[in-house]
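Working notes for the structure below.
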Amino acid sequence: MNRPSEQSPAGGFRARLHTVIFEADTPAGKAFDVALLWAIVFSVAAVMLESVSQVRLHHSHALHVAEWVFTVLFALEYVLRLIAVRRPLHYARSFFGIVDLMALLPSFLSVVFPGAQTLLVVRVLRLLRVFRILKLGHLLGQAEVLMTALRASRPKIIVFLGTVLSIDVIMGALMYMVEGEANGFDSIPRSMYWAIVTMTTVGFGDITPKTVTGQFLASILMVMGYGIIAVPTGIVSVELAAATRQHVDTQACPGCGAQGHDPDARFCKRCGTALDWTPPSTDGETG
Amino acid sequence: MNRPSEQSPAGGFRARLHTVIFEADTPAGKAFDVALLWAIVFSVAAVMLESVSQVRLHHSHALHVAEWVFTVLFALEYVLRLIAVRRPLHYARSFFGIVDLMALLPSFLSVVFPGAQTLLVVRVLRLLRVFRILKLGHLLGQAEVLMTALRASRPKIIVFLGTVLSIDVIMGALMYMVEGEANGFDSIPRSMYWAIVTMTTVGFGDITPKTVTGQFLASILMVMGYGIIAVPTGIVSVELAAATRQHVDTQACPGCGAQGHDPDARFCKRCGTALDWTPPSTDGETG
Amino acid sequence: MNRPSEQSPAGGFRARLHTVIFEADTPAGKAFDVALLWAIVFSVAAVMLESVSQVRLHHSHALHVAEWVFTVLFALEYVLRLIAVRRPLHYARSFFGIVDLMALLPSFLSVVFPGAQTLLVVRVLRLLRVFRILKLGHLLGQAEVLMTALRASRPKIIVFLGTVLSIDVIMGALMYMVEGEANGFDSIPRSMYWAIVTMTTVGFGDITPKTVTGQFLASILMVMGYGIIAVPTGIVSVELAAATRQHVDTQACPGCGAQGHDPDARFCKRCGTALDWTPPSTDGETG
Amino acid sequence: MNRPSEQSPAGGFRARLHTVIFEADTPAGKAFDVALLWAIVFSVAAVMLESVSQVRLHHSHALHVAEWVFTVLFALEYVLRLIAVRRPLHYARSFFGIVDLMALLPSFLSVVFPGAQTLLVVRVLRLLRVFRILKLGHLLGQAEVLMTALRASRPKIIVFLGTVLSIDVIMGALMYMVEGEANGFDSIPRSMYWAIVTMTTVGFGDITPKTVTGQFLASILMVMGYGIIAVPTGIVSVELAAATRQHVDTQACPGCGAQGHDPDARFCKRCGTALDWTPPSTDGETG
């Protein structure tokens, strides 16, 4: 019987807390979210600065204090979030609940394992929630279009990655045999690392073929990589075009329910019923 | 009462000046623009040459003189432009007004800060105006198509850059922990620089992972970068196709003025009026 | 007279063997395929581990034994496969038959040529069969779409590779003349290797131009490579869009059997029979 | 009065010569072209081999002889071609005429300037003619589709290259100021070379930023290059889709002349006239 308890004093406090922490409609809620946003940014910046040796040398103490202040603040916020929701366990096991917890743990871990505080950068993922709350929703709408495009191409992408991995294993073994340890290809795993560096056209140059056969094989791999890079691009283009089209053509005919009208169609192309016409907006603005 | 004053002697002079400096319809105007184009090209070339140490050693004086001659000429031109327009402040605050001023300042700055004259290369941006004036307008039309395509994808691009930045921060921190200062990953910012070099498939090779874990993480990052490179390409392809289509379908219905008909439509899809049908032409020739 | 012999005892045994080895419909068949999958994975992993010098030092004997155990198992399996099919020669000359044999030979070769066992990684290709058998068919369906896209673009890709090769030969010769042996361009074949490394935007940096002319030529090559990389991507995008479209429009007209209707067509475009219309579904879900 | 002279003895000889040298319809013509193809391949291979120092050391004389034999043969062929055509000057000034001459000159040049024979690799361009003659016409059809796609995008590509050049000049100057000669950025032209290496994602790593500001600027340039690489790909995709479509939809309605029917349409979508229907073939086979 959760419903009635919402009107109880405790429920009223929880509802207000929920409004402040989880929503951004009220002034208090908005202020909380903006403060949280900056706290996250400063906290991540502090972790980054601490890794720079000159800064660490001179401001080690200040950064250490800042880190713990942020950790205590975020811990408090985490507890408040647990209180504010009606089903704390449900929140704790959600994606954002886990991210919120993971953003605290490294500080405590660093007491036992020095250096673990570097992991505090996962706090950057918390920005995702703040963006959502601050009504930058049209951006998340676009993110959804991108995710739809990527999800629809998943089977194609798995096939593609499988092909890349097979080529990687075979080329890695071939180069290990041809070039050998003398030229830096000192194991198949390392050769596979080189093959990925080459096929993705990154090309660090830390390991390079020295023999004529090796350079010939590498040339073939590079031209193949050149062609292979075309495949994911083609997949995403096609799916993105489909996802964008779907996103736009959501108007259903009031007469027959048909969809897929041109964005500026005034009459249903199936049955001629007048559509509830609004001036066509650009793709970006509808998202 | 600006209008009448245009017929006054001063206004007539200003109008003539305006025609010469801002237009390219008259022989004088065209000559002025062509001279300006070459002055810009030579001026930028002089700045480049001065940076080459052998040239600087032997021709330092000549280049110094050339630089100041161009600066005085461009300063004169700037003053004339201010005189030629009716609202000097409006021009001074426009994009091209600011570029024109910025193309002068580095010379004067170099008196106080030696080396500042390198900034004179911003003069290259002045070419944009000259191109416009010389009626290379069809190129600017294409630039507009490209800009439309990019502007329409802005929300998608922001989401995309946000994702790239998040991956960059987290991978940078991970590699800093895994590889450490001994292997060149001596701070999170530097690790982030490495992660961007890797994800964009540039791969300088000035910093490279040495440990097995590091090379494994790098491999994952590279394959991800491989897929991520597909996203902007897909976005631009889709928007460019849309922008090109819009650009082509410019035939307006003689009955109701509606645009955006299919290239082979014979009747207006809004009001049914017969369109003045011509066989569809290719994309490129109308652009 | 093969048919009747299928009901004979020997034929019955062969049919059962065939069901276990070549199919995955029965529990025994599925168990066999899963066991085979893991055997392949472990066998390839063993070859990889053997190439790591530290591992080889300490576990050389164990890995050697494992390699021969897998070889004997796969040889047994190969013989069983030959028995299980009605036309052994036909199987032996098929793609998978050759792969199965090639997955055995390197072990025997390594007796004569030490190191040849590295070639055992071709066993990774055997995974293709197991994927097919384990009914990951929707992935192979996607692979087919990709292959259709690539096959349809074959003439375009040949022209493209011809162009790349011509540019490669000419740029290689030019750079060999301009840079010469002092800067690492010590033969035309090596210069061609450099030109491919550059054009594909891999950029190892093991050979780089040092002269001003060389760097200028390299800049032109890079910008050209930048544009050239667009061609295969464009080709694959276009063909993939065509292949996906074909894949989706599988609805046959109940009247005349014609296919290839628009996704939202209600009537056959050949004979006018009403189609069994369902709302168009997304690309990804049908794949 | 050229026509009648074709039947004269000299004209008959010229016609026969023309058939053998310029066509591949007769057995003699085909044999000539195949021989020419191999002569070109061997001649280019000889030039390449001569550049390898070990080969040059031991086979210098043989390669020198081969080079002159090929040069004499190609010179003879050039003279025969001049004789075989009715308007020798017209041929000499055509693209293939110039290539044929350029394929001879380097040998003679090498007498005066040792090393000039490397330019003999331009002979690789002569293969283009042979391909045409050997009726690999469907490949050239595809080449035409690609060229149409590229030509249609020319204005967009010029705008694009202009943008790349402007960014290159400005980034080159900035990096020269920020990094300076100590870090390898020792002149603006060299910095521009670095900026192109970076923007095209080649990333040799021969020059890399060492300062924090420089690495930050480089990161921005790389992410920009990441986005910029999307533009030519998008352009080519869109134009290629248009060129492919045009290539396929060439059937005009016999009733009203309308074009742009679906490849498998049997009736004109405008006026209902039956089209001269042939089964739809795949894109690749029609090219």
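Letters A, B, C and D mark the chains in the order given here, with residues in each chain numbered from 1 onward.
We adopt the following convention: a residue touches a chain if its C-beta (ideal position, glycine included) is under 8 Å from a C-beta of that chain, and two chains touch if they have at least 3 such contacts.
All of these numbers come straight from a predicted model, not from anything done at the bench.
Subunit A and subunit B carry the same sequence, and matching their CA atoms takes a turn of 90 degrees, rounded to a multiple of 5. With centres defined by CA atoms alone, the chain at the far end from subunit B is C.
Subunit C and subunit D touch with mostly distinct residues; of the residue numbers seen at this interface, under half occur in both copies. Averaged Cα coordinates give subunit B a centre that lies 30 Å from the centre of subunit D. With centres set at the average Cα position, the gap from subunit A to subunit C is 30 Å. With touch defined as above, residues shared between interfaces to two or more other chains in subunit B number as follows: 189, 201-205, 229, 233, 235, 237, 239, 241.
Looking at the complex, you find that subunit C touches subunit D at residues 151-156, 158-160, 162, 166, 169-170, 172-173, 176-177, 181, 186-189, 191, 198, 201-205, 208, 212, 215-216, 218-219, 222-223, 225-227, 229-231, 233-235, 237-239, 241-242, 258, 260, 269-270. Residues of subunit D touching subunit C in their complex: 44, 47-48, 51-53, 115, 118-119, 121-122, 124-125, 127, 138-143, 145-146, 149, 157, 161, 164, 189-190, 192-193, 196-197, 200-206, 229, 232-233, 235-237, 239-241, 244, 262, 264-266, 280, 282-284, 287.
By the touch criterion stated above, subunit C contacts subunit B in their complex at residues 201-205, 233, 237.
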